[in-house]
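As written, the chain order gives the labels A, B, C and D, with residue 1 at the start of each chain.
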Amino acid sequence: MNSKTTQLKQLLTSNKLEFLMEAHNGLSARIVEEAGFSGIWGSGLAISAACGVRDNNELSWTQVLDAVEYMSDATTIPILLDADTGFGNFNNVRRLVKKLEQIEVAGMCIEDKLFPKTNSFINGEQQPLADPAEFAGKIKAAKDTQVDADFCVVARVEALIAGWGISEALHRANIYRDAGADAILIHSKVSTADQVLAFKSEWCHDCPVVIVPTMYHQTPTSVFQDAGFSIAIWANQLMRTSITALQRAANQIFESQSIAEIEQQIVPVKEVFRLQNTAELQAAEKQYLPASDTETLSVACDNGIAARQMS
Amino acid sequence: MNSKTTQLKQLLTSNKLEFLMEAHNGLSARIVEEAGFSGIWGSGLAISAACGVRDNNELSWTQVLDAVEYMSDATTIPILLDADTGFGNFNNVRRLVKKLEQIEVAGMCIEDKLFPKTNSFINGEQQPLADPAEFAGKIKAAKDTQVDADFCVVARVEALIAGWGISEALHRANIYRDAGADAILIHSKVSTADQVLAFKSEWCHDCPVVIVPTMYHQTPTSVFQDAGFSIAIWANQLMRTSITALQRAANQIFESQSIAEIEQQIVPVKEVFRLQNTAELQAAEKQYLPASDTETLSVACDNGIAARQMS
Amino acid sequence: MNSKTTQLKQLLTSNKLEFLMEAHNGLSARIVEEAGFSGIWGSGLAISAACGVRDNNELSWTQVLDAVEYMSDATTIPILLDADTGFGNFNNVRRLVKKLEQIEVAGMCIEDKLFPKTNSFINGEQQPLADPAEFAGKIKAAKDTQVDADFCVVARVEALIAGWGISEALHRANIYRDAGADAILIHSKVSTADQVLAFKSEWCHDCPVVIVPTMYHQTPTSVFQDAGFSIAIWANQLMRTSITALQRAANQIFESQSIAEIEQQIVPVKEVFRLQNTAELQAAEKQYLPASDTETLSVACDNGIAARQMS
Amino acid sequence: MNSKTTQLKQLLTSNKLEFLMEAHNGLSARIVEEAGFSGIWGSGLAISAACGVRDNNELSWTQVLDAVEYMSDATTIPILLDADTGFGNFNNVRRLVKKLEQIEVAGMCIEDKLFPKTNSFINGEQQPLADPAEFAGKIKAAKDTQVDADFCVVARVEALIAGWGISEALHRANIYRDAGADAILIHSKVSTADQVLAFKSEWCHDCPVVIVPTMYHQTPTSVFQDAGFSIAIWANQLMRTSITALQRAANQIFESQSIAEIEQQIVPVKEVFRLQNTAELQAAEKQYLPASDTETLSVACDNGIAARQMS
C-alpha cells in the first residue's frame, strides 16, 4: 500500500472528484475508513466541538496534534488536517509540519486568517484576512520543512468568506500557488455553488481546487465533478450526526429512567470491542504472554477462600 | 450551587436511586448535562473507544486525565471517573487523586484487578484479581490524599466477574469499606440482576452500593430502587449510540456521494456553535476587545485592491 | 501556611524589596525553595531553553502549563509564571487563568507584545507593541476569570524595550493599572538602572512595581530597595548556571573518557533521591502496602535456581 | 549522515568501547552532542528528577515520551531511552515502540523488574524480578513491532542488583538474547567491576554487552575496553552536576541578595540564545516574513505619542 502522503497526493491529482469525510477522534476516523472513504478531513470545528471547546483556537496546537494522532493511529487512509491559520507565524508552521509528518498525517490545510481564528461561518465578513505575502511565507516555510516529498499543503482562501470578491480570491490563490501550495481550497458560505464555480472557471492552473460544500449541499455532486474540482470535503456531517443521535438517546434514557429500550436500537458492546480490534490483542496475548500467565495465582484471602487457578 | 464533589456525595447518599450517564468527551458530557442528568460516568471503555484504542490501559493515565479534563470543563455536574485499577500501585493512586481534584473531577472508581487491565466483559473468568489487602491500601492512600472531604472513592468489586462467588464479593467489599471506600460498586455480567440483588440482600452496611446494569438491562429500574441501590450507572450507551449513528451516516454519504440527504436528518451547524457556547464568546468580545479591533485594516494588496474596513 | 496566591500577593504588597528566583523545571524549583527564596519566577526563556526550543512561542501554551505544573507540584512557595503575551487574545488568557489556578500557580505576568513573541533582549527595538486597549482587555478578562481573589496578574510594560520612552511606558502602565493589574513590571535592557528608576520616580500610584535587573545587575540591591520597588526578579541565572556547569562537565567527561574525576565534584546519587523525596515513599510503602508484598515470590526459573524470598 | 537508529546500531556493534552520556531534557541533550558524544542515554532517573518526581513511574509513559521528544528534536545523535519495565506488559511495549520510532528515538532499554518500578539503587535486593518468559515476550513484541530494522532493543538484566547471582544473570541474558534483544545491559551496584567482568567472561555470544559504571566508577575505562564491553553508559552525572551547581548558585544569590557576583561566573544570556539556535530563526525571518513586517505600525496612543515606524 502506498504511504498516506502518497495516497493524499493521488487524491488531489486524480482526474475525478474525490471525497474526504470529516472525523473528529480515533473512533469516527476508523468508521470513516470502514465505510469505504479514501481520505479523512481532520476538521478543526469538529475536533474542538468533540472536546467541548470553541473553534477559536481554544485548543493549543499540541492538543490538536494529540487528537489527530489518535485518528492517524486508528486508520490506514490519509488525513488532511484542518490546521486553521497554522497556529502562529511561519515558524510555528515549521514546527507543525515536522510534528504532523512524525504522526503520519498526510497533509494540512492552512487558511489566510489571523490567530486566534473564528469559524468562517460566524460573522465571516467581519474577520480580517492575513497579509497574503505573510501567508505565502507560511506556505513556503511548510514546503521547505517537509521531509516527505508527498506531504500536502493546501492553502485555504477566505476572501469569499470575508466578502472581498472573486478577483481578490484569485489574486490570493495565485500567490499561494506560486509559494508552493499543493492545492487551493476555495471556501464559500453562500447556499449555492455559484461562487466556487465562478472561481474555478477563472482558475487556469493545473493546481487542484478543493471545496467544502457545507452551505451549498443541495448542489448535485455531478456539478462539482463536471467543473473539475479535485476534492469535495464533507466537513462536519459526522459531528452533527453524533450530536443528533446523542441528544435523542440521552433524552430518551433520562425520561424513561431505563436503558431497556435504547439497548434494542444500538450496536452491542461487542461491536465496540470489534472497532477497538480486541481480536488482535487476544491473538497477540497467545503469542507474547507465557503460558504460565494463564495460571496466575491470586493471593489467598484470610477468610479461607482458597486461591483458585485462572484456567 | 454545591461543589461537584458535594453533589456526587449527595447522589451516593440520597434515599432514592440515582443515575449516572456515560460520556466520553467534552461534547457528550455537555449533552448528558443538558438532558437533565445529575452526574456523569467517565467510562474507561467509552473514553478509550472514542480515542480509537483498546480498554487495556493503552491510554496512559495522563491521557485519561486529558480526556476527563475536557469533560469536567464542559459541565457543572459531577463526574465519577472509571479509573480502572488506579493505573499502578497506591503511589500512582495518590498522584491520580491529586490531579483529579485539580481538574474538579468529583470522584473515582477503582477496581480490584491487575494493571494492565482487560475489560470485564472479555474473558472475565480468566482475569486475576488483586490481593484485597493491596487494593485496600490503594483506597486508604486515596482517602488520605484527597484534600476535599467530599471527593468520593468508589471500590469496584470484580469477584462476581471473575467467578469467585457472592461470599468472596462480600468479603472483599467489607475490606474495602473498612479501608474507607465511600461506596461499593458490585459488578456482574450475567443477564439478570440475581447476582447483584443477592449481594445487596447480604450487605448489611450503610455504605452505598452502585450497580452497572449493562448486561441485565431488562430488569425494571424499580427493582433497583426497591432493593436500595444507591446509583445505577448507564455505562456505555452513548458510545454505542454514537457508533450506530456514525456507521449509518458514513455509509449513507459514501454510497450516495452526497450530503443532501443527511443534511435533512441532522442538527444544523449552528447547533454545534450553540453547544460550544459561541454566544458567550461573542458577548465577551464586546466586553474585552477594543472598539478599534472592529476596524482592523488588512494590509493592502499590490494589485490595487484597497484594504477595506472590517466595520 | 497561607495559600500560594496569598503568599504572592503578600510579596507584591510588602513594604520591603522581595525576590523571585528563576526556575525552569520541578528540580530547579525545589532547589530554589530549599535555598530559602519566598517565590519563583517561571521564566519563559528558561523553560523554553530547558526544553531545547526558542523563546518564540515554540512551546504551545499547554506545553508551558505542563512544565509549570511540575514546578508547582514540587514546591510550596508561590510561582509567578512568565506567560508571554497570554498566548493569544483575551479569550486565550481566560483559559490560561482557569488552568493556572487549577495547578496552583499563584500568578502570571503578561507582556504587551504580539503573538508569537520574541525575547525582549533580541532586537527589542524592532518588536511591535500591542495596542494598549487590547492589552488592557486581556488584563480585565484575566481578573474577571480568576476565582481566587489573591491570584495575581502582573502587567509587563515593554515600551522601554521597544524604545518608546518613559512617557509611553507610564501611559501604558496607567492603562494596565486601571484595567486591574495587581502590579506593573517595567522592563529595561540598558546596563544601568536609570530607566526603571526614572519610571518609578514618576509612578505615583500604590500599584507595586516589579523589575528584572538582568542587564543592570551591577546596581546594588539597596538602590532598588530605596527606590521602593516591590519585587526584583532574578530571571535566568539558574538556567545559565546549569548551562555553564553542564558544558564543563560534559567536556571533561568526554575528554577523559572517565567519570572518576567528576564523581568527586558532584553530589552523590543519594542526594538525587533526597530531592525526589524518596524517604516519604518508603514510609508510605510501609503504611499502604500489605506485609505480604515484602514476601513476593518471583517465578522460578527452569535452570533450577529456586525462587527466593524477597524478605 | 546515517539515521539515528543506524548510528546507535553501529555504536552497539563497533569493535571498540563506546560511550553514552546521560541527558534529561532538550538543553542537556544538545550540550552532550556539542561536547562530542556519539549518543545519549535518556535516563529514567534523571528525567524524573528533572521533573521533580520520583523514579517510580510517577511520570506516565506519555510524559516520559514528551521529555524524550524534546531531547530528540534538539539533537542529531541517537538516544537510547531508559524505558524502565516498558510501562506495563508486552502490549504497552508495542505502543511504546511505535511512538519512539515516530519521534526518532533510536532505541530503548527495558529491564526485568515489575511495574511500577523502583530505582535499582534503592533496596535492590528486595525488588522482585519479572518472570523471564514474560519479559522475553516483551522483547519479542518490541522486535516484531519496530518498522525500522535498526531500532535497538536493549534488555537490562537486574539479577545482580536483586542478589540472584551470576548464573541467574546469564540464564536470563540468554533468554533475552534468544528473544531478539540487540544487546544485554548487565547492571551491578557494587563498587568494583568484578560482577560485570565475571558476567562478561562467561558470556560467549556476540550479542553486545552494555554496562553502567555508576557505582564502580573508579575502574579505569581501559578495563572495560579490554574486557570487550560494547558501551559504557555515564548514567546520571549531568543531572548530579546540575544539582550541585544549582544548589551552590541558589544559595549564593539568596545569601547575597544580589546577582552581581554570579553574573561573572556564568555564561551570558546570548549563550542561551546560541544554544536555542536563535540565529537560524533570524535568518528564516528574512526568508519567510514579508518586508512589510519590519514596518509594522503600532496603534497610536491617545496621549499624542505618535505611532513610530519599527524599521
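Rule of thumb we're sticking to: a residue touches a chain if its C-beta (ideal position, glycine included) is under 8 Å from a C-beta of that chain, and two chains touch if they have at least 3 such contacts.
On a predicted model such as this, the values are computed, not experimentally measured, just so you know.
Across C-D and A-C, it is C-D that has more C-beta pairs touching.
Although chain B and chain D share one sequence, what matters here is the overlap of their interface residues, and that overlap exceeds half of the numbers used.
For this pair, chain A with chain C, the centres built from the Cα atoms lie 36 Å apart. Chain D has its Cα centroid 25 Å from the Cα centroid of chain C.
Within chain D, contacts with two or more other chains are made by residues 56, 63, 73, 89, 91, 131, 133-134, 281, 292, 299.
If touching chains are joined by edges, the resulting network of the protein chains shown connects every chain directly with every other.
Those residues of chain D whose C-beta lies close enough to touch chain A in the complex are 73, 89-91, 94, 98, 102-104, 131, 133-134, 136-138, 140-141, 281, 284-285, 287-290, 292-293. The residues of chain D lying in touch with chain B in their complex are 56-58, 60-63, 87-89, 91-92, 95, 115-116, 292, 299.
Contact residues on chain A toward chain B in their complex (touch as defined above): 19, 21, 25-32, 34-37, 45, 48-56, 63, 66, 70-71, 73-74, 119, 121-123, 125-134, 164, 167-168, 171-172, 213-214, 217-218, 220-221, 234, 236-251, 253-254, 257-260, 262-263, 265-269, 271-273, 275-278, 281-282, 294, 296-299, 301, 303, 305, 308, 310-311.
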